[in-house]
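Look for chain A in each of the two complexes below; its partner is chain B in the first and chain C in the second.
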Partner chain A sequence: MKKFFKKTHRMFKLHRIFIKQDLKRLMEYKVDFLTGAVGMLLTQAINLFFLSIIFSQIPDLKGYTFEKIIFIYGFSLLPKAIDHLFFDNLWSIGYFIIRKGDFDKYLTRPVSTLFAVTVEKFQVDAFGELVVGIAFLCVSIPNVNLDVSFLNILLFIVSVFFATFIFTGVKLITSSIAFWTKQSGNITYMFYMVNDFAKYPTTIYNRALSFIITFIIPFAFTAFFPASYFLGNGNALFNIGGTAMMAVILMAVGIFVWNKGVSSYESAGS
Partner chain B sequence: MIYVENLRKEFKKVVKEPGLKGSIKSFFKPKNEIITAVDDISFHVPKGEIMGFIGPNGAGKSTVIKMLTGILTPTSGKCEIGGQIPYKNRKNYVKEIGVVFGQRTQLWWDLALRETYTVLKEIYEVDNEQYKKRMAFLNEVLELDDFITSPVRTLSLGQRMRADIAASLLHSPKVLFLDEPTIGLDVVVKDNIRGAIKAINAEEQTTVILTTHDLQDVENLCDRIVMIDKGSKVFDGAIDELKSRYGQSRELRFIPADFKTAEKLDYKREFNLTDDDILVENDGHIISVKFNSDTVSVEKMLSYTLSVTHVNDINVGDADIEEIIKDIYKSGVNPSA
Partner chain C sequence: MRKILRIYKPFTHAGFLLAAQYRVNFIFFIFGDILRCFINYFLWHAVFTSGGAKTFMGFSEHDMVVYIFISFLTGIVSYSDGAFAVGEEIRDGSIAMRMIKPIRFEFAFLFQELGERTMTAMIVFVPLMAGVEIYKFAATGVLGFNIWYFLVYLLSLTLSYLINFYFNVCYGYSAFVLKYLWGSNLLKDCIVGFLSGGVVPLAFMPAGLGFVLNLLPFASLTYIPVMIYLGMYDVPTILLSLGLQVFWLAFFIFLQRIIWNACVRHMSVQGG
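== the complex of A and B ==
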């Protein structure tokens, strides 16, 4: 127990140091940061604009009003942003770290490779998403008849936490494929983009698609299911328990595939 | 300190026919070929030794280094360093070693160099006291002070290499692996780096394994060399042994003032040599004479040449390491000899 505590403490310490370093890096490239953050804001603004156009034509979407959709949307941005903030470097694994043999250096350090890779990048662009997400929630909550109880706040935090690891898990599994194929960034991209469907009620999709985003690439659990629970639909066991279960399964598979991948890593000629 | 026994590494390679058609065909029906990069290599390095690990490009040097540093898992065979097996319990093992790959950096590209060291200090859990002492020592031998506050991306290659070596030594490793630490560097920086390696080896009895293509590195630093080619060991012994066994291969190069008189040079007759002893090449601009300084001394060679022709420029150099390896490989040395 003491050992575990010491280990976790060290991990947090390292994390803090890296974040500090990354913020310093940010100061080196101010323009890049500003463009990134503004870009994120712009993307979300355009999405919101289109949603409002759609809802100016229809009163509701399968029983979901504009405000409710904004709530789900806002919810979906939180886990996405947190994953983005801490685990963005997984993209680089699939796109070039393995292909170029740059994974070597992580293997020569006395920390877990997964930790060493993810800790190295603190993607501050994600603050754009985070800010927009929180803003959407703040705007929609007064209009959706939400029960703001202590239990619900707790469940909210729990579901955002686990939903984050659904994103991370999907990225982890698909990026690890690169250990065998040398490059898997496009596979990650393909799977990751499915999260776009999670912002809307699964009921609006046909059965096949709905099944896929619920059970195969379970992004529905990152937004629609937990968010709709807070809107008074569904039950905690499926909507929030499901989120936790999917996160645990994906992360377990991800870590397993990652470790298998590391042992068959082939480096690159130099 | 380091025991390597029958180490072997195979890679699977997809064979493709040329062109887009070939690529598409191999996508649907991949044909695999097994390539043996390292084939049954064994050697032993005692503590405190500087071992030169040499061989031509693609001989498998880096693959061996990567297996010894725990980056690659061997297909078969054994390696043990300081009682540990690299690819097992990796996290514990890498605390005992330092690694520098000359072709790549392990420094954080966007940060000031000093920051890299503070991050590494935490990763390797070096305490403050020790860290201060260590940085002072590394500063002294590698002269980092001039650029320690600059971002890594602005460093010159020579500075970066010194910085990388310092980074690999921060945690006082028992074994240091240097994969081409002098590649692409000028003479002054090479000298500085060689000095540093010597100092560290003398100070702390650090065992060093060094790969290089620079014969000067080997002569200056190494107590012993292991030479490999095509994945197999072709020589293992002291550097003097190599020289006495394979002679002193030298190359005399000069630009004659006048090619007419230069054509009168006849080394074979003058020194009574056969075709095996000497090789003369004339590209119409520079004349190159490869010879063995055991058979004819450099002095005799020079004085004879200068007595026959005037020259605009002349120098004598070592034949490069590839040349020696080629010779060794051609003559088919028994690796165990």
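== the complex of A and C ==
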């Protein structure tokens, strides 16, 4: 037990050091970072405008009012942003780290390769999504008749936590493919884009599609299912338990594939 | 003209081969992006079933579906990487190598990209177009394909690509000042996507705003070709819109020359 605490303590310490280092790098390109963040904010603002145009003509979308849609939308941004913040470097694995042979350096480090890779990048762009997500939730919560209790707040935190790992799991599995194919960024992109489906109620999609986003690429559990529990539909066991289960399964598969991949990794070039 | 073609044909060929090399990557990307079209498709389907009305601000359901997919297709085919390529060369200094060669700087980029676009168009154009036409036939029961609208659409699409190219080259020159373009590129894509009607048809905008947006160059990128394809414009409007596109193309070609001539004197290349 004591050893375990010592180990986690060391990991957090390392993480802090890496974040500090990354922030320094960022300060070099301040203007670039700021315009990027404004771009992210604007993208979400445009989506909001898009939804408001739709709702200016119809009272509700298959039983979901404008406020409820905003709540689900805002919820979907939280796990996405947190994953983006901490695990963004997985993209680089699929796009170029393995292809260029840069993965070698992680093998020489005295921590696990997965930890070494993810800790290297602290993607501050994600704060744009995080801020918008929280803003959407704050705006919609007074209008959607939410039961704010201690238990629900706890469940909210739990579901955001696990939903984050659904994103990470999908990225982890697909970018590990690069250990065999050298490049898999586009595969990751294809699967990752499915997350956009989670922003809207799955009831608007047809049967086949809602099956896919519930059970195969389970992004519906990152937003719609947990959010609709808080909106008073569905039960905690399926909506939030499902999120946790999917996250655990995806991460387990992801870590397994990753370890397999690392052991069959061959460096590229000289 | 013949001389120009002879000089720049190798660039087109190279671009074509480059795109062919990366076609598998490209197909995965397209799959990822097409998903977004399907989200919009289902969203609008739900809007039409929830609203109960036959039309939404003048668009019927199948107009909207065709709009989603054709605007996506137009965006893909008229996409230009000019800004990024120019910016990158300015940043790493390899632009110096281009300047010592007896070729027009922007033509080399243009012809290379034409080769790449040809490859892209071969992959996405036919299947998507066929899909949309089959959908239209299934939804309305009449064969709505009109060869004249289609040909005018192709013309408008070509103009749209050229405007996009020159606009992006102008924008790419901002790398002379900014050095890094990642952030502002994100911002630009977001603004241009919205103003060009890539998110919603400009007809849905409040009247005053919609009128202004129709005149801006961004409408020429996506909105005008798509509206022509949809058959929403009558003949005078089509002629007017094409005229507007030609005007913006001339404008950006001219602007590009001015910026280039002004910037090239201030350029300094580090290393080589």
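Simple rule for what comes next: the second predicted complex is superposed on the first by the 270 of 270 C-alpha atoms of A that agree within 3 Å, B and C clash if a C-alpha of one lies under 4 Å from a C-alpha of the other, contacts with A are read in each partner's own complex, and residues count from 1 in each chain.
Note that in this section a contact is a pair of C-beta atoms (placed from the backbone, for glycine too) under 8 Å apart; a residue touches a chain by one contact, two chains touch by 3 or more.
Since this is a predicted model, take the numbers as computed values, not measurements.
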| item | value |
| --- | --- |
| Chain C versus chain B on the shared chain A, clash or fit after superposition | fit |
| Chain B versus chain C as contact partner of A:D104, first or second or both or neither | first |
| First (chain B), second (chain C), both or neither touched by A:L14 | first |
| Chain B versus chain C as contact partner of A:Y29, first or second or both or neither | both |
| Which superposed partner A:F197 touches (first chain B, second chain C, both, neither) | second |
| Chain B versus chain C as contact partner of A:I53, first or second or both or neither | second |
| Contacts of A:F161 with chain B and chain C, given as first, second, both or neither | neither |
| Superposed model, chain A: greater residue contact from chain B or chain C | C |
| First (chain B), second (chain C), both or neither touched by A:W180 | neither |
| Smallest distance from any CA atom of chain C to any CA atom of chain B, in Å, after fitting | 7 |
| Chain A residues contacted in one complex by chain B, in the other by chain C | 29 |
| Contacting residues of chain C [partner chain A, same complex] | 24-25, 28-29, 31-33, 35-36, 38-39, 42-43, 45-47, 49-51, 53, 56-57, 178, 180-184, 186-187, 189-191, 193-194, 199-200, 204 |
| Chain B contact footprint on chain A (complex, rising order) | 10, 13-14, 17-18, 21, 24-25, 28-29, 101-102, 104-105, 107-112, 120, 263-267, 269-270 |
| Of all residues in chain B, those that touch chain A in their complex | 11, 58, 62, 66, 69-73, 87, 90-92, 94-95, 97, 99, 101, 103-104, 106, 108, 110-112, 115, 118-119, 122-125, 151, 179 |
| Interface residues, chain A side, partner chain C - complex | 29, 31-40, 42-43, 46, 50, 53-54, 57-62, 183, 185-187, 189-190, 192-194, 196-197, 199-200, 204-206, 209 |
